[in-house]
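Presented sequentially are two complexes of chain A, the first with chain B as partner and the second with chain C.
Then we have the complex of A and B:
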């Protein structure tokens, strides 16, 4: 394998500057789909369904960016090596958080600041009246304070993602060793900040959809799903890029194998977290806690829960347990798409059952699908314009030779 | 890999001399080759007269273990009233000690299973040591629930024995029963893993043994190992399989232990983050104990070339990671207790931090969350004395963590039932005695078994092809 380092480079390693323009099509299509979903929601009198669907869409693309940020931070903090070949792809993914923030701002405007309680019931001050539990949460669930917090989370993440991306791209042209050290240095303080902000962001954005409900595990649950979703996205991205002649030599079977192993680990970790949260709440049967699962035990949602248990844990657990599967690019492409779909089902299970308005659940789900497709279009545009003109590999990183010649044993 | 792995200007034994942190130095330092590693490790078990410090340590530890035995005898004859347990705090020291010791064992399992799967080569110098700790910690842990059931002669009730005369089956919905299975599985797999990994090294001791009794004893233990290619192939396969099997055990055991508390409706106990938080805490405490034992052991047994400052550095980093996770959980718990709006839950947390036993809470926070943060600084991670002191803090902090959880029982829903917990001298004696038991077993291990996995260390040495310290390799490196 070591010969790869000295082999003639026939792969494409740099994205063309025109990629941003090429991304306009999916971006425009995505924006149109989001607009279409809003129009359908408005026309059918399903505004509440739409805002939930929109939150789902934004959370989905945000989770991929957050997963990318975690990958970058963990890579530097642990002195990672094999990850060097895909590090730039992760950095660009983390960089899309700025666009996710732009999409999220609409939630703040429509869902929080406009005074409509279609998304968050606590926006309505009547909710606090005569409810002792809610009364104690009033200072926290305040629209202005909530807005400040939400913006702070995004600003922190974008600052971290851009710092890393900036250092990394500058590393391509000058002082690679110094930059590598700098990234490793920054990763230290960034990690605890990342952990705390993600924890509170998931409490704010998704846990407060049901204002009475609480679970200390919720932040970890969102993190586990997000990172697993990101890994699936990264595998998908590598396969698609390699189909276009990009990084065909640098990203080897060994890297797929390791990404797949990590994804396998997080499939199990997600299952562990999801089960523990459910089991403890079911066992203790405390009303403020069980009410969240109670909502999900009516209508179509029990089937979603079972679909998650099977599709997000048991089936993939058996599906890519084998080394032969994890080293097979085409099969891993299938599993990456599968896990991305499951990650959507997971977030939909968290967000969509909170729609209180009467009406068909099918409408909510269809709106969720359209909105997510739209947000993914915008996300794709953000990714492509973020990548435009950049090296897709940290070409000067001192760890690159080790990563390129790396093999599992 | 080859020569790229040996940085220019690298001085063996000098941590800061490695120019780039992402380049592996040779994990074994000094002028060592395969033979000198074998000699250094085997000498510890072969030396006819162990160091005086060993004798002093052994006599001291064995006396404490004997005291534990005597106290258990007294407990069985007299009854569980000899403990400070009472109506409110019905689980006192026994459960605290149980959880503490089970947690200690987790470093061994993490090192042998998860770090193996993560290809962390630094594990090879410390895995045997940590795995042995796991076994001895589980022995200490298992003692406490065993004697806590009151009528120890009915301990077999815990097992689902199909007996119609018993008219009694274990309560399968109780996490205490799940503990029996979780800890039982853990002990079994850990023991297998430890023993199987030791077979090639036991064979080395057998081959070097001069006295016939020694040769026979090591011969029986090494089950006919001759180091043939077939044996190695089967061995490697079995090792990887056991590592994969032990990986879920790193999570499952302390998850079940956390269920003991978290399935209840008790404020301060029922919180969903308990499972991963307990697992992180267990690994944290385990690494604390590995450092506590390793730092003096490498000094006394002359293992500084094999367990280098770089190994210690890696362990310190694991301590920062897991200590920070534990701190994250404390914060989340506290926040959700407030956010949840349940006044009982809120009281439980305020009471922990500012109630009569505030000192226990802040001892826990200082030792577990604040002290490991010192490891962010390189100079702390290079100072064995400081590391040793912090590792002691970690041990203290993690014992207090469980103690703080137990103290939630002092003040529950009805103020009329509030009662302060005061440990008796038996409680304290048994805690100290359990350390005696642990150290007795540990010192015996150091005396008779290979405390470093020689065969695995050699694989790491051979793996670094350009290691200038291997005979015949010096030319290739330069």
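Then we have the complex of A and C:
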């Protein structure tokens, strides 16, 4: 097959500087939706439902960012080549974590530090009284300490994402080999820091919604879903961009095939982790562990959980198991959208059942949908302004020729 | 076969096809494309490494291996789930029935518990399908390939690139095909023949072979026979392992010691393990004045000694727990003893060395619920979970424990109950290995409370409580 390395370039490889302006529309629309959801929540007396929905929305866009960061780190760490063509897209996605941080700051300032226990019940000091388990967690679940930790997680990730993005964009103009080595060198120490911070972040942000409960697997569970969600986002992004003439030559069927394979692997990995967490707790049947699933055995949530098992594992497992499907761009666009929806269902299963206030579950879910749509609008603006004026391909990277002429066997 | 040519039957080799060599991978792909475009279908390529694009150039059929793997995986999944459902969920009186066993209080059909095994079996069978299926589709293992006889073909392991056009191909015509291969860039073309077969072996060889094969079976068969039959002769073993050890057996002479004996008598002052249980009330539940005390321990026995210091005294252990060969006679006596015991020999009061307290009662309750309640039931009525399960299975070998509130049990002296816990009775095993003497007494104490609870009347209550009771509606 002909190599693309020396072919004439007909694709668009550089984003226009005006992209940031174009991103203003989805950004403003997203902010309006978030504000609207808050207004609905406030007006209907469903404030607690809204804050859970808001956390869901922030976690959703955060997970896409950390997925992107992991992709970049893993790619450098393993000396990967095939992914060089989509690396810049992942780097820009990781860069959006700064905006996710800004959105999470609202929770920290208006919720945790202001002493509102609408989201995290442990903000209320009464929760600890006469409760042995809670008493032992008191020093950890301190609002100030929690705020510091949360900021540290985001700052670490943003620093890593910007370091990688900075090195990568400087690579476009000078000393490409030296920069490639530097990125590879940084990826090593960054990876364990990333793993630890992501674990504790998911413990803090989502596991403490039920402060009695604990699961050592929870961090891996969140990671598996996040990376799978990011891969779906990357496939979607590639298809959309190619529809506008961007990277039409560089991102080939081979790259879609690889992204689909990786996404498939993480669909299975997510299922493995989710089931392992469930089975260990189910088998041991210890009250302080089962309570989390007990909440999800009532109301709409058991059906939600079954839909998750089917839609997040079984259906896509059979759905894009075949090589023919994975190499078909249109079909993979469908499965990418499917997995993005399932990733939302997954995070909603983790967060929304923790609403303690009385009221209709439908309100919570609708608020969650509106808030997530809003956060995605803001995320889109963050992505577009992050991409504005940049090369969308690490054009000088020494591994690019191999990535362009790469073939699956 | 003609009668004249018995040794001259050299069969004519069949033509396998034409082997063409090419300069490099690009030339190979280009040639493969042209050859298949020209209508040849049975074409195979050989190269030192995997050449990208060769499958398309050869217009090779898509492999069916993924379907095989998928079907094998599905089989593993279904076999796993069905096997577990049958084994754990379907029980009956037929042969090879499942066994409905309660595990951790989970239901007989519980999908979460079945998933790990199902998952493993799916993976296992998929892997088998992929690995063995790949071998089978590639017709491997192949012990010999006729191409290996071509000298030029040896280069395929370093830098040779080859195409083989099969002679069975419909379009195959040797001269034209050879010219065509040269025209598409072959650097060399040669014909390759099938391996010649059909030489007959001399008839005698078969006989010799059969004899050798049969003889080779004799030794393993003989070993197999000796290992599964009884005989008074020493066993025949190939590997002696631990049968012959450098050690003395009992009653054998030794030149090492002055008295000539290999077995050494215990040195003076040796205290046997388990001895020193002088408090017979506490350890055996019998009165010290009982004339059967010696049978339970504390008694001395003499045995012969030849070390010149006169007879050696050794305290024997009546309990079976530290039995060695010398203690066997006394143990036999202990086994026989309870049957001969007079009722008056059992202590009727708790041993004096035991401090009766509410802590002891609590301890007794805890121990009872741990060790006894599984069969006897928490109330001692003989309806524990094990008993219920055993009776439910109707196996016929289970003896239901006597109710501890039966008249015959209630009237027993505490020493006898203690002895029953210690040494067991009927089907009940002795618990002396599991429960310390103090704890056994604690259980006896709790048992008394249990028995009392089932034989109490309102008159046993204190006066004020009785009044309270009478005002209840």
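One rule holds in what follows: the second predicted complex is superposed on the first by the 407 of 409 C-alpha atoms of A that agree within 3 Å, B and C clash if a C-alpha of one lies under 4 Å from a C-alpha of the other, contacts with A are read in each partner's own complex, and residues count from 1 in each chain.
In the analysis below, a contact is a pair of C-beta atoms (placed from the backbone, for glycine too) under 8 Å apart; a residue touches a chain by one contact, two chains touch by 3 or more.
Just so it is clear, the model here is predicted, and its values are computed rather than measured.
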Could you classify chain B and chain C on chain A, in the superposed arrangement, as clash or fit? clash
Of the two partners chain B and chain C, indicate the one touching more residues belonging to chain A. B
Classify the contacts of A:134 with the two partner chains as first (chain B alone), second (chain C alone), both, or neither. first
Would you check which partner chain A:347 touches, where first means chain B only, second means chain C only, and both and neither mean what they say? neither
Between chain B and chain C, whom does A:220 touch in the aligned arrangement: first, second, both, or neither? first
Which partner does A:323 contact after superposing on A: first (chain B), second (chain C), both, neither? second
So, A:267: does it touch chain B (first), chain C (second), both, or neither? neither
For A:333, decide between first (touching chain B), second (touching chain C), both and neither. neither
Who does A:288 touch here: chain B (first), chain C (second), both, or neither? first
Chain A residues where the chain B and chain C footprints coincide 279, 283, 285, 409
Could you list, by residue number, the parts of chain A that touch chain B in their complex? 2, 79, 81, 132-137, 140, 177, 180-181, 184, 188, 191-192, 195-196, 199, 203, 212, 214-220, 268, 272-273, 276-277, 279-281, 283-286, 288, 398-399, 401-402, 405, 409
Touching chain A in the complex, chain C uses residues 50, 52-53, 66, 70, 104-106, 112-113, 115-116
Going by the contact rule set out above, which residues of chain A touch chain C in the complex? 1, 275, 278-279, 282-283, 285, 321-323, 407, 409
Which residues of chain B touch chain A in their complex? 1-2, 4, 20-23, 119, 248, 251, 255, 259, 262-265, 270-276, 324, 328-329, 331-333, 336, 338-342, 376
